[in-house]
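The data blocks that follow each hold one structure.
The same chain A turns up in both complexes below, where it pairs with chain B and then with chain C.
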Partner chain A sequence: MNTVNKKVWTAYWLATAALFAAAVVMIFAWTPTEATMGTVQKVFYLHLPVAINTFLACLITFIASIGYLWQRRQVWDDLAVSSAKVAVLLCSVVLLTGMIWGHSAWGQWWTWSPRLTFSLVLWLLYVAYLVIRPSIESRQRRALVSAVYGVVAFLDVPLVYLSVKLMPDIHPSSIGLAPEMKMTLLFCFLPVTMLAVGLIAARYRLQRAETLSMQQADDPSSNMIAANPAGGFT
Partner chain B sequence: MSPTTHAIAAYAVTILLLWGYAMTLWLSARRQKTINSQNNPGRSLENNPGVSGGNPGIIRGGSEPS
Partner chain C sequence: MTRVLREIMLVSAKDLRIEARSRQTLGLVAVLGVLIVVVLGLGLGPQQVKSGMAATAVLWVAYLFGGVLCFEKTMAVERHDGALAGLMLAPIDRGVIYAGKLISNLALMLALALIVTPVAVVMFGFDLSAAPLGFVAIMAGGFVGFAAIGTLFAAAVSSTQSQGGLLAVVVFPVSLPLVIVSTQMMMRLFGEGEPLGAVGLTVLIAFDAVYLVVSWLVFELILEP
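Then we have the complex of A and B:
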């Protein structure tokens, strides 16, 4: 990483952390408390942006999987797996914060409503994606199987989104918010999206480094050529 | 548990998981960089005596530090 990139990267993470802290302060100090549910409704300002970013991460895996099937380039597979890892993390946050909120608002940790069920299926699909990959030894075959799986797994995302509109569910199909609440919600999308994009980018960089390292280990001659293009270094 | 405790628990879970993962990635990137520079010192700018801006004193064969 060159110095300029490093500085941009550091500034990005500092801005994300600052905006995240500002969002938390805004939620608890400025936004009015909802009359029916009380303080626990404040979970919503993180729950919804994280849920939308889970879909975004799944979409990136889907696009990268199509990219791999089209071009058969390793970079697409690296992007797909990086995004899938972040999708699992974000989906875990959505499920956990939802359960905590549900326990307070509905008096139960879990209920088998369509949206909750499809969300759990989404989490399981992407966990399975990550569990299956190491069991396939050939790098090309692993990338190919993952790409096909990445395309199929994405089919659950529209089901999660549309389930409340198509089937009776414990979640409301539309949300009415006071202007301050709406503003806070919109603001919260900024740090959460920056964090999700930053995590995918960081994971992707690491994945590329690991892939290149493994490729060099498989073929040390390419390493020598890459390290010593002029032939005068040893 | 009160609604406030639930809200705090939800925020704690979110911050711990998301920022914890960010920290893990940062540490892994540092470790990977170290592994790469040990396995292949010629490709790392810091350890490369032949590249402008490289550190001359780390690998054998590099020019002596002034």
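Then we have the complex of A and C:
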């Protein structure tokens, strides 16, 4: 990574951290505490933005998977797996924050309500994506199977949504929010989205480096050059 | 059109003939299915077994695991002696191979269901007489979608040097919407005594259509000798 690039990334992460700090201050110092649930309700400011960003990460995996099927270029596979990893991480946060909310609101850590089930199935879909990859040895085959799974998994998401609608619901569909609450919620989207995008980009860079080093290891001619930069066989 | 149908029938008849002669898959999945029913019956205990609705969940578990074994086996026969390369060299469309494999898988799953369902119905005291046709319709809808996805990923995974269980990990999460819809419909049909609504069946058929079309479209990309 060159110096300019490094500086841009440092600035990006510093800005994200600063925005997170501002969001925390807004959540605890400025936004009123909810009447019935108390402080626990504040987890909602993290829950919703992370949930939306989970979909964003899943969408990137879907687009990258289509890209791979279309062009068969390794960069698409690297992007797909990077965003799938971030999607699983974000979905885990959605599930955990949702469980914290649920324990406070309904007295149970888990209920089989439609949205909880939806998040769980989404999480399982993308965990499976990550689990199948190491089982396939050939790099091209792994990328191809993952790309097909990435497309099918994303197309499965609306079906999961439709199917859970048949289940009995206790989850709030719309919540009345005070103006400060709305403002804080909207503001929280900024650092969370920056974190998600930053994580995908960082993971992608690492994935690219891994792929390139693997390709070099596979290719004996490049190995020889690396072992003897002056060239020749001596 | 009739030529395509004949080709599909040729592919699936070949698979079923191999199965009829070797009897490898059906014996295995039938015993596995019965074992799953017995283990869950023992695990749930007499109280929950008699609640009636446990049978549908137990049946789904047996169908899912048995089904995955069927999908693995129907693709595995193509891995011997380069049979898949021969099949791919045949002057037929790849979609025909997919449809043929799908029909063989559905036939095997039907045979599995015919063996396992009566066992579960008797052991779990499930009153099937309330709506037998509804039960068949819901399960048939579930089977088609499940087999559609299973046939696709069996072709993808079987060519890799995979560990056992990989296909189950791939197919189960994708099939969960089918499980959710069919169990919800079963609960309404047998638990609450509601008649089988057109909405539920339409959702199930729509799901099947999505799975079939997507699998058929990408099968060509994934098939490799």
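Some points to look at:
One rule holds in what follows: the second predicted complex is superposed on the first by the 207 of 234 C-alpha atoms of A that agree within 3 Å, B and C clash if a C-alpha of one lies under 4 Å from a C-alpha of the other, contacts with A are read in each partner's own complex, and residues count from 1 in each chain.
Convention: contacts are C-beta pairs under 8 Å (C-beta built on N, C-alpha and C of every residue); 3 or more make two chains touch, one makes a residue touch a chain.
All values reported here derive from a predicted model rather than from experimental measurement.
In the superposition on chain A, contact of A:210 is made with chain B only, not with chain C. In the overlay built on the shared chain, the residue A:190 is in contact with neither chain B nor chain C.
Of the two partner chains, neither chain B nor chain C is touched by A:59. Of the two partner chains, chain C is the only one that A:121 touches; chain B does not reach it. When chain A is checked against chain B and against chain C, the one touching more of its residues turns out to be B. When the shared chain is aligned, chain C comes close enough to touch A:167, but chain B does not. Residue contacts after overlaying the shared chain place A:22 against neither chain B nor chain C. Touched by chain B in one complex and by chain C in the other is not one residue of chain A. Those residues of chain A that touch chain C in the complex are listed here as 69, 117, 121, 124-125, 127-128, 131-132, 135-138, 141-142, 144-145, 148-149, 151-153, 155-156, 159-160, 162-164, 166-167. Residue ranges on chain C touching chain A, taken from their complex, read 149, 152-153, 156-157, 159-163, 166, 169-170, 172-174, 176-178, 180-181, 184-185, 200, 203, 207, 210, 214-215, 218, 221-222, 224.
For chain A in complex with chain B, the touching residues are 13, 17, 24, 37-40, 42-43, 46-47, 50, 86, 89-90, 92-93, 96-97, 100-101, 103-104, 195, 198-199, 202-203, 205-206, 209-210, 213, 216, 223, 226-228, 233. Chain B makes touch with chain A in their complex at residues 1-4, 6-7, 9-11, 13-14, 17-19, 21-22, 25-26, 28-29, 32-33, 35-36, 39-40, 42-43, 50.
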